[in-house]
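In the part that follows, the structures are each spelled out as structure tokens.
What follows is a pair of complexes built around subunit A, which joins subunit B in one and subunit C in the other.
Up next is the complex of A and B:
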């Protein structure tokens, strides 16, 4: 393998890893703070993709405006769904919560299929052309995706690790009752975490629409890999999710080229199984204490 | 006016009466001990004051304000700090971060957040400030919880079995710390070890089977026939 090809695959892996990172950040945030496995996360990705598609094709706007639109739309819808649906089953057994998010996923999938049909939808507006760095070619669209993911990932990490509100979320992730005893508004914090996570997923969807086609199931593939990333990074570990996302991105890029897409998936899931056996709490996750 | 005024409190869990028709007053500045055998209802009363449990009947007032329906986080912001019988530290956060998690609430209330370094010195954890809470022993975690509750700059401190699980030496240290803190804060302490805790109390309330069977000074409690019969035993008289 030439050095140029190596860096080309590395660049491809960075783009995939960036998107996976944003998706997994949301999953980790929701699981970390609320202990909820959000099966409907893929539909929020699809929501952002279709919102951007409509913005471009119906209003003639640049798809770049789809990113803030998806963030705002996802944040608002996430807030409403957490308040109207998720919060009502928070105290119920885990299976109730799992089935609730699964039902949300099915309802979302049905709504997108009913509204848009099964057609592959794409647009040509937005950044075009590519950047040639000593033979390594990166499209401006891909570069836009990567930079946006890096900015959103860094902003989320800063919020969680450095801001007061992040300290509250981390405390809540450790113990709900103790957080309340410290004056942390548990319900509002959970709503914020869910809302932020859905906003990230929808923004990821906007970026996915920029580099690919949009269908009712476009979010599913990303969210399945997102779950793998969350497991590898450590359940609820935001930093671990980012590290694992780029790792999976690189594995996918190199394995797809050297073998094929099917083998790339097999390798990723074998890695997940190995990680479960060897390091069940993930790369940066904590072991649970009694 | 009492700092805490709980009137006609009743609490049922699935039809089982845990507390029935209890009146409990806590005067400002006092250290009130809440004692009783297992199942007496003292922890339920404690949780009703903290806001973790809502009474089936009755009302709780704090500084004259009805807080019966006020959630726990808002009570913390009003100035009610608490610890837990089974410690609940934020294990993944550092010792200092555990305290900082409570500070925004204190600052939001009166703009005078507690001196966290001084708090850590007070509980002997100043050298562990940057260690994760998961690395602390049980005795240290108990002290960390007290410091975290104090980081709220509370007017009322609720201590839930602060001596449970501690060695004799750690018990002595904890009681000495509580005795220091009580100079500036009203304290309600639920404690199973009545022999160790009673001497530092200004006043004690003894519960049995969901009701108050006695209240008074430590001396009066020790001589109370109902307390001796239900709880202390003849040897303590």
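Up next is the complex of A and C:
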């Protein structure tokens, strides 16, 4: 493998890793604050992708406007779903929570399949051309994706780590009852966390539609990799999740080139089984609260 | 009626109904009705398999469709190698049981959602691997070389549904069943009083997978050809959990009611809203989880109990 090709694959891996990081951040936010595993996260990615696709093909707008559109749409829908559905099951047994988000995922999957059919959809509008860095070709589209992911990721981390509302989210993640008795508004915090996570997922979907094709199951594949990232990286450390996201991105990029897409997925899923074995704290690398 | 008595009564009713259903091909019933009965039994058996592990222990499996698929492939490969039918079916059950040990040994040692994730990824992994395996026909799939009369898979599926229902009922009221329910309600307490929860969970999952594998084996004989994207479709795993969930999780009658309802629903929606099948099943699960946690059987039992309670003073007074 030539050095140029190596850097080329590295660049591709960075783009995939950036997207995975955004998806995993949302999953971790929802699980951290609400102890809910959001199986429907992938369908919110698909939602953002189709929203951007429709914006470009029906209104002739630039796909870059799809990113704020997806953020707003995702935020609103996330808020409604949290208020209408998720809030009813957060205090219930785990089986109910799993079934609820799984059912939401199935509803979304069915609706997208019914509405758009199985076609592969893409558009040609938006940033084009590429940047040539000493032989390593990086498309402007890929660069847009990576930069947007970095900005959104940094903004979310600032919100959680520095802002006053973030303090509430972190308090809830540590101890729900103690946070509530200290005067943290549990209902508002949970709604904010879910809404922000869904907005991130939808924005990731807008970006996915920019560099790939959109199908009813496009988000499903991304969210499975997102789960691998969260399980490998652990919820406790942002650094761990980032390493895992870009690690999986590189594995996918290199394995796709050297073998093929299916082998890349097989390798990633086998990594997950390894993660379950070496991370015996159960879900998401954190010990369960009694 | 005592618990043992009610299990025996349920077993008797199930055997009687099963005998009638199994005899339908020779009673001059139209092939449409026979196909409906077959599919009801197919969903019932698959739902009972899911019910055995997830309904009884609370550990959710998303892979029962994939386990049935493994059984289907093992049986078709065995039958194409000229094995007798019984050996082919045994191969299907054994293959699925072995696969369950692979998932269970890693993830059932852990509490919480690790098992659910392991099954979720197993569902995807199996499809990817089967498409790569030349012995399994790759993406093109496999065809069963010998053609069997449709009455063979039909009778087998009816019997399997009946046996699985009786097995769940018998387990529920046995000492082992009480241990399993203890795990579901409070695993820490169950372990503290000396229940070997990991061993029990792995054993139950293995039995459940063997039933799912048999469902797949029999269905493979029924359809005659296997395409990986159809056999390992996520929908089958969805049906496996939707049927008991709608009927009533953790009860023997739940999957029976759920399967009958689901078969009827599928027929209606294929005409009324052909593209919206998935969405409707998803909404149904959502409605059941949010508003009717113990499914139709549980809701009916509660309504019945309330009626009797309010009826007694009226009779006595």
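Just so we're on the same page, the second predicted complex is superposed on the first by the 273 of 290 C-alpha atoms of A that agree within 3 Å, B and C clash if a C-alpha of one lies under 4 Å from a C-alpha of the other, contacts with A are read in each partner's own complex, and residues count from 1 in each chain.
Simple rule for what comes next: contacts are C-beta pairs under 8 Å (C-beta built on N, C-alpha and C of every residue); 3 or more make two chains touch, one makes a residue touch a chain.
No experiment lies behind these values; they were computed from the predicted model shown.
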Looking at the overlay on subunit A, is there a clash between subunit B and subunit C, or do the two fit?
fit
Which partner does A:109 contact after superposing on A: first (subunit B), second (subunit C), both, neither?
second
For A:270, using the defined touch cut-off, is the partner it touches subunit B, subunit C, both, or neither? Pick first, second, both or neither.
second
Touched partner set for A:89, first subunit B, second subunit C, both or neither
second
More subunit A residues in contact - subunit B or subunit C
C
Output check: A:170 vs subunit B and subunit C. Expected answer is one of first, second, both, neither. What do you get?
first
Tell me which partner A:135 touches in the superposition: subunit B (first), subunit C (second), both or neither.
neither
In the overlaid three-chain picture, which partner chain does A:212 touch, first (subunit B) or second (subunit C), both, or neither?
neither
After superposition on the shared chain, which partner residues are touched by A:68: those of subunit B (first), subunit C (second), both, or neither?
neither
Nearest CA pair across subunit B and subunit C in the overlay: distance in Å?
17
Considering the complex alone, what residue numbers of subunit A touch subunit B?
164, 167-168, 170-171, 173-175, 177-186, 286, 289
Using the touch definition up top, name the residues of subunit B that touch subunit A in the complex.
50-52, 71-74, 76-77, 81-82, 84, 88-93, 97-98, 100-102, 104-106, 108, 134, 148-149, 151-152
Could you please specify the touching residues of subunit C with respect to subunit A in the complex?
54, 58, 60, 62, 106-107, 109-114, 116-118, 120-121, 124-125, 128-129, 131-132, 188, 238, 241, 245, 249, 275-283, 285-286, 289-290, 293
So in the complex, the part of subunit A that touches subunit C is made up of which residues?
37, 39, 85, 88-89, 93-96, 98-100, 102-111, 113-114, 224, 227-228, 231, 262-263, 265-266, 269-270, 272-273, 276-277, 280, 282-283, 288, 290
